[in-house]
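Multiple structures are listed underneath, in C-alpha cells.
Next come two complexes built around subunit A: one with subunit B, the other with subunit C.
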Partner chain A sequence: MSLIGVLAILLILPLFLPEYYIAIGIEIFVMALFALSFNLLFGYTGLLSFGHAAFFGTGAYACALTLKHISSSVFLGLLGGIILSSIVALIIGFFCVRFTRMYFVMLTVAFGELVYNIGHKWVSLTGGDDGLVGIPISPLRFLFLPPFNLVKLSNYYYFTFVCVGVSIFIIWRIVNSHFGYVLRAIHENSERVKFVGLEVRRHQLLSFTISGLFAGLAGALLTVFEGMVSPASLYFTVSAEPILMSILGGTRFFFGPIVGAALFIIIKDAIQTLTEFWMVWMGAILVMIVIFLPGGVVGFLHSRFLISFSKSRIR
Partner chain B sequence: MSLLEIENLCKSFGKLAAINGVNLKVDQGILTSVIGPNGAGKTTLFNLVSGYLLPDRGNIRLKGEDITGSQSYEIVKKGISRSFQITNIFPDLSVLDNIRVGLIAQFKKNFDLFHSISSSEHILKEALNIIESVGLGDRRHYKASILSHGERKILEFGLAITTNPIMMLLDEPTAGMNKEETDNTVNLIKKISKEKGITVVLTEHDIDLVFSISDRIVVLNQGELIAEGAPKEIKANPLVKKAYLGED
Partner chain C sequence: MLLFLLASGLTLIFGVLRIINFAHGSLYMLGAYLTYTICRIFPNYWVAFLFAPILVAFSAGLIEFLFLRPLYKREHEYQLLLLYGFLLILDDLVKMAYGAAFKIIPQPPSLQGSIQIMGREFPKYSLFIIILGPIVALGLWYLFDQTQMGKKIRAASFDREAANALGINVPFLYTAVFMFGSWLGGIGGAVAGPLRAASPGMGLEIIIMSFAVVIIGGLGSFWGALLGSILVGEVLAFGILILPKFVIIIPYIVMVLFFLLKPQGLFGKGRV
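On to the complex of A and B.
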C-alpha cells in the first residue's frame, strides 16, 4: 500500500513542481538505480566495488555514441549503453572475482582508473576532455500516438520513472530468486557455499555483470537527460557516490540505496544553495550516519519506529 | 571395490607431515570413526578428501573414480558432503533458508534468476522434510545465529544432507554438546544415514561413544595410520593403547 502511495505521489509531482525540481527528480531516479546496482553487488553478494563509475560511464558513452553515430532513437541508445557496460563488466568481473576482499576492491579501483583513462585519452572516439556534446534525441513514437518529446523535462521525468521503475522491479525479482539466495549465502559464507556443491565465482561474476548492466543503464539515462557526456562520468568520485548513498540509506535493505540516493541528492541540493563547500557538510553528515545510524536511514526507521521494511531486508 | 579408497596420501605444512602415507578403504554402509590425539591429522584427512586442501601426493578414489585434486564443489556433486568442526552455516539466514540454499544447489536452480524462491513448492517441501527429520521444525523461521550451539551443529548436519550425498564426513558432530544432546545427535546421524543410504565417516573425541557406535575404527597418530579394525580389535591393540590411550 505504502509503495503504491509513493508511486502515486511521484507520478503527480511534476504537475506541481517547477522545472528545477523535476530535474532533481530525474537525477534521483538515475542515481537510485546506480546505487541499487552497486548494492546488488555489495549488499547481496558481499563484493565492494570501488570502480562502478567504469560501468556508469561506459553506459553513458555507449549511449551517446549510439545516438550520435547509429540512430537517434533513445531505446537504441539505452540498449547500446546496456550492452557495452555489461560486456565491460563481464571482462572486468572475470578478473576481479578471482580475488577476495581488499585485493578485489583494489582491482576494481585499478580497472576504474583504466576505463577513465581510456575515456579521457581516446580523443577521436570520446572527444577527450570535451566529451561528446550535441547528442541528437528523437521523440518516442508509439504506433498512432503523438510523438513524445523526451527533451521536454516533465516528459523525460516520466520516461526515467518508467525505465528505473522497471529496472528496480527486475532487480527485486533477481534478489528474491533462487540465484538471489545463492548470492546472499555467498555473502554470508562463501566457503560453505562450495560445500553445498556450488562454484562461487560464476555466481559472483553474473552478479557483477548484472550490476554493471544496471549501472550502465543509469549512465545512459543520464546522457539522454543532459544531452552530453564527459569524462567526469567515469571519474573515481562517481564510483564513491553509490557507496555513500547506500551507506546513507542502509545497505542491508533493498530500498536502502534508493532512499539513500534521494536523501543524498536532496541534502546536496539544499547545502549547495547555502555554501559551495557542500562536500564538507555532506562528509560530516555521512560520518554522523556511520557513527549513530550504522544501519543507515532505512535501518534506523526499521529498528526504531518499527516501520516494517522486513520484506526488503537482506539479512 | 570400496566406496572410498585412499592410497598413500601425504600432506605437509612446512616441515610438519600432517598426513603421512595414509592408506584407507571405506566400504559402503560401514560407519567408520577416525580417532587420534589432537594434531593426529583427522581434520586434515577430511580436508584432503573433501577438496578443502590439495594433497602433496597420493590418490583418493570415490567408487573407483579418481577425485584427487578436484575442487570441493565438484567433490560435493560427486557425492561426498561434510560438516566442519567449527560450525559452518549461514548465520544470518533463517534455518529454512540455510537448508533451501543447499537444495537450490542440489536441484540445479542456482542460475534461476526469475523465479522467486518462495514460489518453489518442491524445494520448500523438501526443505521442511529435512528440517522436520533433524528435529528443528519449530525453529525453521529462526535466524541460524540465534540457535543454541547444539542446534547449530544439527543444522549443519541438515545442510550436509541437502546435497544428497552417498558419503558424509562429519568432523566432531557432537563437539561441545551435553550428554543428552550427544545421544540424540548420534541417534539422528545413525537413523538418517541408514534411511538415505549414506556412508558416514566421522571424527569424535568421546572414546566411549566411538566404541559404541562405530562399525570400524581408524586410528591416526602424528599423521600416520597406526591401526584400523572393529572396535574390539582396536581396544585390544597395544599400539593404540600406547599412542592414544596413554597406557603402557
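On to the complex of A and C.
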C-alpha cells in the first residue's frame, strides 16, 4: 500500500536530511494537524472558522504555562494544552453555532481577535508582547525505556510524527463513524437532518470542540518545539493558515489538508529564499485555486487522473 | 468616524451582495497610499482626496468583474476566500511598492491648526473627519431611500432573481455597489492618511474593528454603522480612562453581547 511506503519514507528522512529540513518536517506535521482540525469543521461540517488561531494559540500558551509552573513533563504540557483549548472551543463554539454562515464567520473572527487581545494584554499571565521564553522540557520517560531527549531535533521529529500520526488516526475514525456521517449530512442539508430527528446544533458544537481540541494539540506541539510562545500564535494571520492549506490541498478529501500543509510550507519556504514578499504569491495562488481548482490539488488529481482516493472522499 | 466610513462600505457590500469583503481594509490602505502618491505629484491634498478613492473604486471594480463574478454561483465561503486572497496580494503589493516605513501625508493648509469651541481647542482636521461622517451618512440615505437607483439596489438585495426578472441589470448593479462601497473605503483611507500616516499594517488594524461595528450596527444598515461607530469610539475613549490595558477588548465584548441579545444589531434586518 502506498500509505505504508509514504510512512516508511517519512521515518527514514531524518537519517540523512540536514537539520533545517528536519525542522521543516516537524513544522509540516504540526501544521498538517492544525489544517486537518480546521477541515473537520469546514470540509465535513461546512462551517468556515476564521478564528482558529484562538485554539491553536490557547493550546500553545496552556502548554507553556503548564510546563513552566506545574511540571516540565511534556505529556502534561500537551494535556494542559488540549484541555484548555477544548474548553475555549466549547465556549466559543456555543455562541458561534447558533448563527448561520456569514454571521458564523464574522463571529469566529471577532472571537479570534478577542482571544488575541486577551493573550496580548494579560501581561502578568502571558508575558504580553514578549510571550514566554525558556520553557523547561524534560526528557521523555516512558515506562521502562531510557530517557528520550526531546531537544534533539530528530528525536522531536519522531515524537511529533507519532503524536500527529495518532491524532490523524483518531480523526479518521471520527469522520468515518456515525457521528462523522451526520456531520457530512449537516453540511449538505441541515434542514433535512433536523427532519430526520437529529440535533444539528449539538453535532456542530461537538465538531467545533473536537476541532479546537486538535488545533490546541498542534499549538502545544509547536510550543515544545520552539521552547517559547508569543502572541503571534494567536494573531489573525495564523487563523488564515489552516484555511489556505486546506484549500490548497483540497477540502473535499480527508488527506487534502495534510497535502496542503506540506505544499504550503514547502512553497512558502521556496518563495522566501527568493523574495521577502511571499504573501502576494500565496494570495495569487489562493485566488487561482479558488477559481480554477476548487477541489484543491488532491481534488484535481482525483478528477484528472482518477487516482483513487475514494475511501477518503468526503462528499 | 473613520470607522464609520469603513463600516458603511462593508455594510453596504454585505447588505447587497451578501459577502464580507475581507479585502476592504486593504482597499482603505490603498486609498491612503494613493493619496500619498498623488500628493507627491500635485501638492494639493484635495486633488488626492478626489482622485484616490476613485482609483480605489476602479481597482475594486476590476477585482469584482474579473475574479468575483465567476464565483457568484458557488458557495459564499469561496467568495470570502477569494477576497482574503486579495487582502494578501494588496498588502504585499503595497509593501513592495512603498516599502515598510510609514509614509507621512501632510494635512491640507486649510485644515491645519485648531479652533476654539466652547473654550476648548479642537484640531481642525479632526473636526473635518467628524463632520464628514454624518454628511456621508445623509448622502447615503438620500441615495438609497430617494433615488431610483437606490430602489433598484434594495430590490436586488432582497431577491436577486426577482429583480433580474423585472429587468434590473443585477450583475451591473453588483459591480456598481462593490465599487461604491470600496469608494467609501478609499475615502476613509484618503482621510486617515494625514491623521495617521500610511503604513502597511493599517488595513489589518482597522478591518476587524470595522466588522465589530458593522455587527453592532446591524448588517446592511448605515444608520446602524454610524451609531455603531460612535458607540465603539466612545467606549474606547472612556474605556481608556477606566481599564487602560484591556480597553481594546471592550468593543468585542459589546459585539458578543449584541449577538446574544439582539443579533440583528441596532438596525439590522434579515435573519441571522
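Keep in mind that, in the parts below, the second predicted complex is superposed on the first by the 313 of 315 C-alpha atoms of A that agree within 3 Å, B and C clash if a C-alpha of one lies under 4 Å from a C-alpha of the other, contacts with A are read in each partner's own complex, and residues count from 1 in each chain.
We take it that a contact is a pair of C-beta atoms (placed from the backbone, for glycine too) under 8 Å apart; a residue touches a chain by one contact, two chains touch by 3 or more.
Note that the structure is a prediction, hence the values are computed from the model and not measured.
Of the two partner chains placed by superposition, A:Leu17 touches none, neither subunit B nor subunit C.
By the document's definition of touching, of the two partners only subunit C reaches A:Leu286; subunit B does not. Counting residues of subunit A touched by each partner, subunit B versus subunit C, the larger count belongs to C. Contacts of A:Ile83 after superposition on the shared chain: neither subunit B nor subunit C is touched. With both structures placed on the common chain, the touch criterion links A:Met228 to neither subunit B nor subunit C. When the shared chain is aligned, subunit B comes close enough to touch A:Ile174, but subunit C does not.
Look at A:Leu206: by the touch rule set out above, it reaches subunit B but stays clear of subunit C. Look at A:Arg192: by the touch rule set out above, it reaches subunit B but stays clear of subunit C. By the touch criterion given at the top, residues 42, 48, 95, 99-103, 105-107, 109-111, 113-114, 117-118, 121, 123, 236-237, 240, 243, 247, 277-280, 282-284, 286-287, 290-291, 294 of subunit A touch subunit C in their complex. The residues of subunit C lying in touch with subunit A in their complex are 14, 18-20, 67, 70-71, 74, 76-78, 80-82, 84-93, 95-96, 204, 208, 211-212, 214-215, 219, 245-246, 248-249, 252-253, 255-256, 259-260, 263, 271-272.
The touching residues of subunit A, when paired with subunit B in their complex, are 173-174, 176-182, 184-185, 188-189, 191-200, 203, 206, 315. Residues 50, 71-73, 76-77, 81-82, 88-93, 97, 100-102, 104-106, 109-118, 120, 123, 159, 162-163 of subunit B are the ones that touch subunit A when the two sit in their complex.
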